[in-house]
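Multiple structures are listed underneath, in structure tokens.
Shared between the two complexes below is chain A, which pairs with chain B and chain C, respectively.
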Partner chain A sequence: MKWYSKMSRRIGNSLRRLHLDPSLLVVFVLLVIVLIAGFALSDRFGTVRNLMNVLEQSAALGFVSLGQSLVVLVGGIDLSVGAVVTASAVLMAAVVDSNPELMIPIIIVVLAFGTLIGYLNGYLTLKTGVHPLIVTIGTASVLNGLVLLYTLQPTGGVPFWFEEFAYGRIGPLPIAGVIMLICFAAVWYLLKYTTLGRSIYAVGGDEEAARLTGINSKRTSLFAYSACGFFVALAGAYYVSRTGVGDPRLGEPITLASITPVIVGGLLLGGGKGNVLGTLLGVFLISLLNNLLNYMNISTFIQWVVQGLIILFAVSIYASKVKKL
Partner chain B sequence: MSSQTIEFFTHSYLKRFALPLSMIALAVLATILQPAFLAPKNLQDIFTQAAPLGIVVLGQAFVVLVRGLDLSVASLMATVAVIATAFNATSNAAIPVIFAVAIGFSALVGFTNGILVTKRNVSPFLATLAMMIVLQGLRFYYTQGAPAGSLPDGFRFLGTGRIGGIPVGLIGFLCLFTLLGWLLHKSEFGRKVYITGGNPISATLCGINSDRIIILCYVICSVMSGIAGLFLVGFVGTVDNWVGRGYELDSIVAVVIGGIALSGGVGTIWGAALGALILVLLFNIVIILGLPVQAQLIIKGVIIIFAAAMFVRVQKV
Partner chain C sequence: MKMKILTIAAVASLLSGIVMADYTGLPRTFLWNPGFNELVETSEYQKEGPYTIGFSNASQADLWLVTFFHGVQWAADKYRGQLARFLVTDANSDPTKQVSDIQDLLNQDIDLLLVNPATADALDPILRRTMRQGVPVVTVARRVESDESFVSFVTASDTALARMSATWLAETLNGQGRIVLLPGLAGASPAEFRLQAAKEVFAQFPGIEIVDTQYTSWSPANGKQIMSAIIQREGAETIDGVWADSGLQGSGSVEAFINAGVSSDSIPPHTGGDLNRMYKLAHEHGFPFCGIDYTPSIGIASVGLALNVLNGAAVPKRLDVNFQVVISEGHETESIKADELLADYVALDRPDDFIMGHGMGATYDPKTFSVDLPN
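So, the complex of A and B:
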């Protein structure tokens, strides 16, 4: 184990000298390996059509992981994303079912709802001083309870045209995938070039120090949590558009799935380090890997094992001296 | 909360007795709302249900005390259940063998978690999350999604049997509680757990091998989950791939209600046990009041945020 950590540290140092983010490189190399394996092992994998399908399907994971990234960057974690996806999907499908003319307003309402829940998570975390892990388990539990009280079966429906969000294409490009990429680009720009974005890194790195330099750390955290809620609600809308119904059990696997790309993309749990570009590559990595394993007729069960091993591989490469969370 | 209220709650007696008092208050409230609460049958049900969760919580407490977190407990419980049925044993003579294999496997899982957290410096959240996913994948691959196999009759006794009216699960829980309580509060190992949890660096400077303590805590947690899995599969009677689903979060909730700080080094085994009992009481109250089961989720969510906020307040003062 010793030589292994020494080697990974040495590689990391030399990359830093070349001004390359070592964490991005790891996920990039993994992605290239999957792509090469894909081209070699399956002749259908490499087609433009398949890659566009993967881009289309990765939108949901992309939205939730993007939100999760923001919360992780300020040093938090959001375990309520699955519940928020479910709640916004059910809310949307249930309301629109009998009033198709409300489609546009309800999109806005659902996004506002997600933002509000995110804000609430952030507010409770800051106000009570309780670890975000616990707070978000709590809000998730309440939301799941409310949704399941309302319905136990998939419910509601949406007008046909709304399916364009999930299935529509602009030329060869899937609309959902493009929207996801635009969101990533916007957040990337925000984090890199705006005061708010820099504050997010500062607060995640050391909240007290950030506060002393005059950053309104509470407002920064609240922004991150609210934005997370917004993107998660967007994922909920995507699911409704894809399946046409609001499924009360939809969100269960999403919560933990949203964390994998964030970690594989090199964001540090505990905050202040990483880049949403890494998250995006992480999303592509997981989506392409699952797609490839599907083509190779490898069962979902083994896909889980592979996913777990990738998390372990990635985190033990990134393993830093500072342990947080 | 006003400063007077805080003072009231932080008064040493109240601080010590807050948990038992709130549990008694809950029980009284339940009896007032629904006298059937005190029926022996209902009490037996409560304890039968509390036993597996309680056992997991005891283990989780050790991990949380050394600043960790174990998300793999539920997945391990189900995996152990699958292992137990894989023997397809019919005679009760196989029970010790099943126990030995299950506990050995659990210890191995805990050891791996501990190694990842200490030697590879992986955050506990991620190490155990990955372990959870890996175990889940292996389990489903082995069972192909449809677990089969059978258990010796003796297992049903573990889960649902009674000795003199006392559920066997409760007796098992009390034995483990005594054992772990002694380990945590009376043994040298226990002191080292608190020192390591309070500050791993100063523990190392004191000459404590903190890595070893942390690894042992993960092993304890996993072994407890394995045992709980066996009790639970005995209670349910048949195996499925999701035995114990939700226990990872429930056990953390119970630990937090029990006043064990996620930041490590603070809390007692009594707190853990009472936390589990309070959680099961709340679930039971929802049922006997005839509220829909989903209300459990809502109440659990509100209680956990509230309880955690209380303890943060109390510890700050």
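So, the complex of A and C:
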């Protein structure tokens, strides 16, 4: 590991000079490796067309992982994100199908719905003192059950113009990808430059200490969970735009997928430490990796193995560096 | 119009002939269709070979899907002289991943997209956009919502399969009895279409009482567990028949009766094809049985049809591949006759998990199957 330590020190120093968090190091290196491999293995991988496609494809994972990051930063975890994505998508497609003129209002309703579910998750966690893992699994079960009671098959539809959210471009830039980047920038700014952002880190680091310093830890946690619900509902809207229907099984894979960029991006699962830019790089890493493995005509099962190995690699590196960071 | 129908018949016959063994006529759904099939002119997609075809697969989550996937690869290998590249992606049952997979394939300048959609509806927008880009789309196993999203759809009819097996069961019971319905995966369009078609049939027989309907996810273990619970609740002797849309869960149901101590001659009539285990159980225990495979060889037919599109040949908008009706000896009914008797069809020398109707010849073995496709 000598070569790695040497390289990581150099890149860490470079990042510090750029005023960036050294915890981004691992994901940054992995991303560079994937990019180099991609350029070497396929002449189509590095095209603007492909990279913009990847940016477009990464939007849903980006929205959900951003929400997950906020919850993780306050020391929680949200395993209901997949169910909220599904419920939001089905709600939107089912309502709009028979009333296309409700498209704009339903976007607001769905975002409010996601925010409310997030708030409920936070409220129940704080009120009962039960670990958020249990609470959010419960929420997921209720939502999934209600959705499947309503429909077993993909349902509803949206006007064609709403597909532009998922597939539309501003010049070469995908609209969904740009919105995702704006969301990340806004949250990064909030965390770095506002009192609320500093409170989020403080509550995640040591809730009792934060409370003693006058931070309203409950309100801070509720904000994180609610914001998570908002971003997750946005992902649900994106999926409806991308598939044209509300699929009752849509969100199943996204729950665990949303945790991967968080871990790889260097956020501490216990809370209080990490940077959403790491999550963003994690999202790009996973999306580029899937894209590259598709280009290499490699089995999905090998894609799972590679993703798992990256998580294990990242976690082992972070575990050995926790004290140094 | 007459010329068009003859052309469709010729195309259908050519493609179905690739994969059939016993019933070698035109697909019954073609013969009995009271309407007309549309013929699609494909000269606008005609290109000089060799071709680059992208195959976006939905999943390999069960034995049927694995065999289907092998069939597509087998056919690509068979036609490798016409192929420059055959690119494959697998969405692991996730329609949103499949949308991304298709975008990745389009980015590699494919000449045609062959797709087994993970769901019937969710792929519509991306396939419509693919067609608008001038890349022809051939769907297989599941079609998508709008006609403008694909050139042709290759299938074996879910509704015909279900109507025939349900009719066989109802007639075997002389229109009287308590039955259990075991459909496949809740929400999956093949399972829902088959269930709906079967219910249409049973509604024609007022003496048939549906005791319970339970989704099984096409899993033998689920079939066994669910039927065991029903037997415990209702009593095995009160169940007169079991309609399963596949032997994947049907075999589990038979095992539940055996585990409950029901003697071979008291196991109620069952339906369900695909899985060799089901055929073996029916052969060994001798209960009345009707098996109709949703033949995975539709994958083979789809590759042939895809090449026809790129060669500029007219193709049917919907191509139904033949299936075999397999019935145990002495159990044909007034409406449903056997294409092949159970004793002749069951593959006693092949493993239990072997999927029938694969169309890849006698030497096919899913455990050792491997092809090296150009990519």
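Just so we're on the same page, the second predicted complex is superposed on the first by the 299 of 325 C-alpha atoms of A that agree within 3 Å, B and C clash if a C-alpha of one lies under 4 Å from a C-alpha of the other, contacts with A are read in each partner's own complex, and residues count from 1 in each chain.
As a convention for this text, a contact is a pair of C-beta atoms (placed from the backbone, for glycine too) under 8 Å apart; a residue touches a chain by one contact, two chains touch by 3 or more.
The model shown is predicted, which means the values in this text are computed figures rather than measured ones.
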item	value
Chain B versus chain C as contact partner of A:V305, first or second or both or neither	first
Partner chain(s) touched by A:A60 [first = chain B, second = chain C, both, neither]	second
Which of chain B and chain C A:T139 touches, first, second, both or neither	first
Which partner reaches more residues of chain A (counting touched residues only), chain B or chain C	B
Partner chain(s) touched by A:W161 [first = chain B, second = chain C, both, neither]	neither
Touching partner for A:I259 - first (chain B), second (chain C), both, neither	first
Touched partner set for A:Y193, first chain B, second chain C, both or neither	neither
Touching partner for A:G244 - first (chain B), second (chain C), both, neither	second
Shared chain A contacts, counted only where both chain B and chain C touch the same residue	148, 299-300
Of all residues in chain B, those that touch chain A in their complex	69, 116, 119-127, 129-134, 136-141, 144-145, 249, 252-253, 256, 262, 292, 294-302, 304-305, 308-309, 312, 316
Touching residues (chain side chain A, partner chain B) in the complex	1, 77, 124, 128-131, 133-135, 137-146, 148-149, 256, 259, 263, 269-270, 299-309, 311-312, 315-316, 319-321, 323-325
Chain C residues within the chain A interface of the complex	60, 87-92, 94-97, 99-101, 103-105, 107-109, 119-126, 129, 186-187, 189, 192, 375
Residues on chain A engaged by chain C in the complex (per definition of touch)	44, 47, 49-50, 53, 56-57, 60, 148, 151-154, 163, 166-167, 239, 242-245, 247-250, 252-253, 290-291, 294-295, 297, 299-300
